[in-house]
Amino acid sequence: MGNSFGELFKVTSFGESHGSCVGVVVDGCPAGLPVTGEDIQKDVDRRKPGGGAAATRRVEEDRVEILSGVFNGITTGAPVCFLVWNKDIDSSEYEKTRYLLRPGHADYTAFMKYGGFNDFRGSGRFSGRITVGWVMAGALARKLLRLKNIEVLAHTVEIGGIKAAPRDFDEIKEKVESNILRCADPAAASEMEALIEKARAEGDSLGGVIEGIARNVPVGLGEPVFDTLDGALAKAMLAVPAVKGVEFGAGFSAAGKRGSENNDPFTVADGEIKTLTNNAGGVLGGISNGMPIVLRVVVKPIASIAQNQQTVNIKTLEKANLAVRGRHDVCIVPRAVVVIEAMMAVTLCDFAMRAGIIPGVIK
Amino acid sequence: MGNSFGELFKVTSFGESHGSCVGVVVDGCPAGLPVTGEDIQKDVDRRKPGGGAAATRRVEEDRVEILSGVFNGITTGAPVCFLVWNKDIDSSEYEKTRYLLRPGHADYTAFMKYGGFNDFRGSGRFSGRITVGWVMAGALARKLLRLKNIEVLAHTVEIGGIKAAPRDFDEIKEKVESNILRCADPAAASEMEALIEKARAEGDSLGGVIEGIARNVPVGLGEPVFDTLDGALAKAMLAVPAVKGVEFGAGFSAAGKRGSENNDPFTVADGEIKTLTNNAGGVLGGISNGMPIVLRVVVKPIASIAQNQQTVNIKTLEKANLAVRGRHDVCIVPRAVVVIEAMMAVTLCDFAMRAGIIPGVIK
Amino acid sequence: MGNSFGELFKVTSFGESHGSCVGVVVDGCPAGLPVTGEDIQKDVDRRKPGGGAAATRRVEEDRVEILSGVFNGITTGAPVCFLVWNKDIDSSEYEKTRYLLRPGHADYTAFMKYGGFNDFRGSGRFSGRITVGWVMAGALARKLLRLKNIEVLAHTVEIGGIKAAPRDFDEIKEKVESNILRCADPAAASEMEALIEKARAEGDSLGGVIEGIARNVPVGLGEPVFDTLDGALAKAMLAVPAVKGVEFGAGFSAAGKRGSENNDPFTVADGEIKTLTNNAGGVLGGISNGMPIVLRVVVKPIASIAQNQQTVNIKTLEKANLAVRGRHDVCIVPRAVVVIEAMMAVTLCDFAMRAGIIPGVIK
Amino acid sequence: MGNSFGELFKVTSFGESHGSCVGVVVDGCPAGLPVTGEDIQKDVDRRKPGGGAAATRRVEEDRVEILSGVFNGITTGAPVCFLVWNKDIDSSEYEKTRYLLRPGHADYTAFMKYGGFNDFRGSGRFSGRITVGWVMAGALARKLLRLKNIEVLAHTVEIGGIKAAPRDFDEIKEKVESNILRCADPAAASEMEALIEKARAEGDSLGGVIEGIARNVPVGLGEPVFDTLDGALAKAMLAVPAVKGVEFGAGFSAAGKRGSENNDPFTVADGEIKTLTNNAGGVLGGISNGMPIVLRVVVKPIASIAQNQQTVNIKTLEKANLAVRGRHDVCIVPRAVVVIEAMMAVTLCDFAMRAGIIPGVIK
């Protein structure tokens, strides 16, 4: 029963990797927002495999259909249902190795939790494919956020140990789509691409780090003490398959800092209170402080690898070896960038509504 | 409206630092659990300032009162209300500097969100003091978890850049309370203590990292795709004041690893499926996999420091300098260990109930 | 944001009367339940206009499609999405009278709440048509309840002032589908049908009362003090379009009774505690007591009538007259019977799961 | 886990009849609202036994204490905790008859649900006494509603079959507190009082009907299709001990009406759209339509009666006779009026916040 996210902008996800479709219902989207399939399609297309070294060979058209909640191109206040049909399904590999637990995958936990009834094909409900639904919801959220001038942007800052040089927001925005890795540092991107090529050749995979930034977020988003903005964002981030950690602002580096270094001094600029630095990552006491929200998530290397791995047959409890076949990415980081953006947008939109900043009717 | 946490074991927090009390209501605690004030008091006492270099000089008796939900020493199924009264309150310092925003604190965001009506004394609702309530709820949760043999343990693994050597669970359990820093590596603890003494002398503060471990968690806790176990734990962790990041298992180090290194191979031990390594930190696909849940949180250096800092008067918008007086810890990490344990326990208890592992009546 | 119902068996509704489809997502359906489209279709077919005097002339095939959550004919634990496509859409009448508020309809409130962006065609989101989705969810819930031998049954007990004679459960079950009015008293049914014919001739409409009964509900369903079983059922009932009241057991007649009459004496039968009477309607203190759950709802006469009515043009604020054309039922009671059953089943299933009576995996 | 009510104005109830206290936490109360204990005390005092024929002889001072969320007499945005201590506790009668199930009470269901661990003294959690907490929350809600000119008023319209003559809002408001029965028709009130005296003499009890009205509710409250305003009100009403049914506007009488009678024609008055009649009770399609919200609830006769009743000993399963002693009301209706008002206010306040009509900060 955990397939809904958000309180006022409530996203309910459905669909499986090799089922008939992947979809999402957004309940609480304000009435009066112009929305076309094309608006949504853009982000869905960005999420598709890029064709480069990193990507899967499964090719889905992923044509966005709007099933409800939009009338004459404008949201009505009713639940919005978006859906894409699954078409390029090849489940044959999965049938063959059905009971061999793929290391690093949810095969074991899903089997145990759902009594073996889970749809195992292409990881079923645990596939990255279901994030198509989230990206559709995110595209809707971003349209709403833009009405308040709030921008959400994510980019690749590390792959396989290779780190991108820091860039400012405008530079990132300009460069992030200039290469297939969604890395705003082209030199690092080249290195990353070479490393990915190498990993593929070795039948291996790579992880990395994505940074997400939200700009022009007003002061006051977040509902302490438990529904904090950073807590909700963290929960959203960890829902993204393969994400294993999240940090805000200075993050883990704050462990080695002193208070005098880490505190962000307040100042006044253009009549508004700002901080001189942003070690807080835009959140103080669980509430946005008007500075950019800055977070980083770690994405583990893709679990499906061609190399032989030790595992177990869950039916027989016999040990086995498994080399995962099928059509997989080598490094999901560049595609996950789009999902990170989507889930940040969904979360921010929900909190903006809770704070009364986005109204129930757009006029 | 964000002061409740959990679905079936639902914790509602109330109280302020300098108000009359700090309390908590736990709705959904199973009936039939023996509970005494002493059971709860133990954890509350552990959270109190230790008297060492790191600690505040505010001394509260923090006597646990059970206001409801327990009859003849046994839970009744009705909401359990725990409360401690605030006694040693000295708000004088806060009155003097009421409008000077303390860098790193929630003064600014709270003022903006609540229109300046927030109780500013001792950080009010944003004080670490309110976590007394969470620790009381956590003590209750831990009693329930122990019925299923689930243990939750946290310890200090880093302060101000000094890192503790790794220890196994039993060693940590044995040593964690042997020093005031709750660090299972006594040598590192000595260094940390010296560093804290130095920081105090300089009017500065320190942050660190806490590791939380839960052992004997059964397979199947977590409600994908959004109410994942790790996502809920992350949200719980980020509610703890000063926490700025959380990671599971290999965490951020996974960014530099290959899939072949990071995947945990499956094996069979004593007829049960286990993994040979635990880079996943006990969670796969948002669901516990039977291995220990391992997470680490970063705790930023305490924001209240005696050094002069640049800030702004929120009434006049004039720049100002501020040296925070009052009674503060230098490093909150050792005390936060108890809060991390509590919030992990609360989260695990909620998910154990959602998975039907802890029943509605204890027999 | 109110389009979800339930906590553990969570139903999310989407779709509009004249949009592309009507659907539902059920999150929390246990894994392991065999489900075919046919299982669901049966209840959907019962909800369709019966062809008699009472019914609309809109004819929809209402072919149930299972979009997710079922694999190889068995639920997987993932969200189940059911959908029927809208086909027989004729919106012409609605366009003509778009701004004329139909008395008794939600035209005015929907226009005001959603800023005039609501889909007005065929009442859009406020049409009885969206209950197709609820009936699909209800069919799923009933399958789960049947595993525990719990039966849900509703029937017509009054139309336009004509009351059916009381019948016991088995008699109702046997006779309810024997006439088009779903009334277990055939004599009363004949009178009702004549009255409906008369009302239709006069361009008028009729209301009535439906009784819902659930048998074999175990003791213990309900979560006081606010999530009571009767409270949740009442909320579910009032969501059904045209329902304006609900009562349990003796209901409103209890106002004229004495405690000595109204109290149900306890007794023991076959080793189980029962009550001799059932004025409580199966609920004491918000918790099921093992006796049949008995409720009655009042269904107002259909608002769409062919007679001239006084109204207002919401654009011009000018008074106007309106005779509602389009394809409408004269009395919705017989079709609402199926929706009442569905919403009772959904509610009971949710509470059975909350009480741990229906497990997370069906074996 | 059902002890919270509301989404944005969230009320959490705790305490028992014979425990140490009865309390409530209100999470989501806007900051900036002046509140004193006296404001809240007024409604609490109204709920106390009136001293007349109908009332219990238990006398509690019920002194309201504000434990949190109010600073300098103004709400801070933090959770507000109100509490009254229980003082006049006499549990002796309950101990003696502990295992004899009182007919009409929740003894049996509570015992079964909570494994016999429920606090049985004075009905524990199922006592009308816990509604003191709700009345405190309601008093807070009413203060917020008054800022928008929304008034909530309830009154006795029937006791033991004696019905009050209809009165208009202002008349009710003027007369409701003029007699101990809270009945705006003094002649009927006299008859009711005589009947109560008779019932008391016979060791019996009486039920009745309460009407609740909310005036000046703006158009647009309610979140279809499931969180309807009437549905939420119905759920709130059924939480009130002894309430067994609820109806809106014409209610059950609509079953005998034709659409042409029951539809409320629209008109324009002072530039606003109104209806000429109010059979809808102020709700269309689950959304308030600007007309007064009018509901009626049936209150069953008090279950505790001095007459001998047949029952069962739950420990031995032997049949027994029971005459309930202790200190009980004969007719709870007049006191329940205050609770109905409170729960209406809490519900309306929550929906007004959801509709953005009551802001997060009162200025």
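The letters A, B, C and D name the chains in turn, as written, and every chain counts its residues from 1.
Everything that follows uses one rule, which is that contacts are C-beta pairs under 8 Å (C-beta built on N, C-alpha and C of every residue); 3 or more make two chains touch, one makes a residue touch a chain.
Computed from a predicted structure; not experimentally measured.
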Fill in the blank from the handout: Chain centres computed over CA atoms; the one at greatest distance from chain B is chain C
Problem - Contact-richer chain pair [B-C vs B-D] - result: B-D
Fill in the blank from the handout: Between chain A and chain D, the Cα-mean centres are separated in Å by 46
Exercise for the section: Take the average of all CA coordinates in chain B, do the same for chain D, and state the distance between these two points in whole angstrom. Expected result: 39
Problem - chain B and chain C: spacing of chain centres that average the CA atoms, whole Å - result: 46
Practice task
Name the residues of chain D that each touch 2 or more other chains.
Solution key: 1-4, 7, 13, 113, 125, 355, 360
Fill in the blank from the handout: So, in the complex, the side of chain C touching chain D is made of residues 1-5, 11, 13, 101, 103-106, 108-110, 112-113, 125-126, 130, 158-161, 199, 204-209, 219-220, 222-228, 230-232, 234-239, 241, 244-252, 254-268, 271, 273, 275-276, 279-281, 284-289, 298-305, 307, 309-312, 314, 317, 319, 354-355
Problem - Contacting residues of chain D [partner chain A, same complex] - result: 7, 355-356, 359-360
Exercise for the section: Provide the residue numbers of chain C that touch chain A in the complex, in ascending order. Expected result: 1-4, 7-10, 12-16, 19-21, 23, 25, 27-28, 31-32, 67-69, 71, 74-81, 83, 113-115, 117-119, 121, 124-125, 360-363
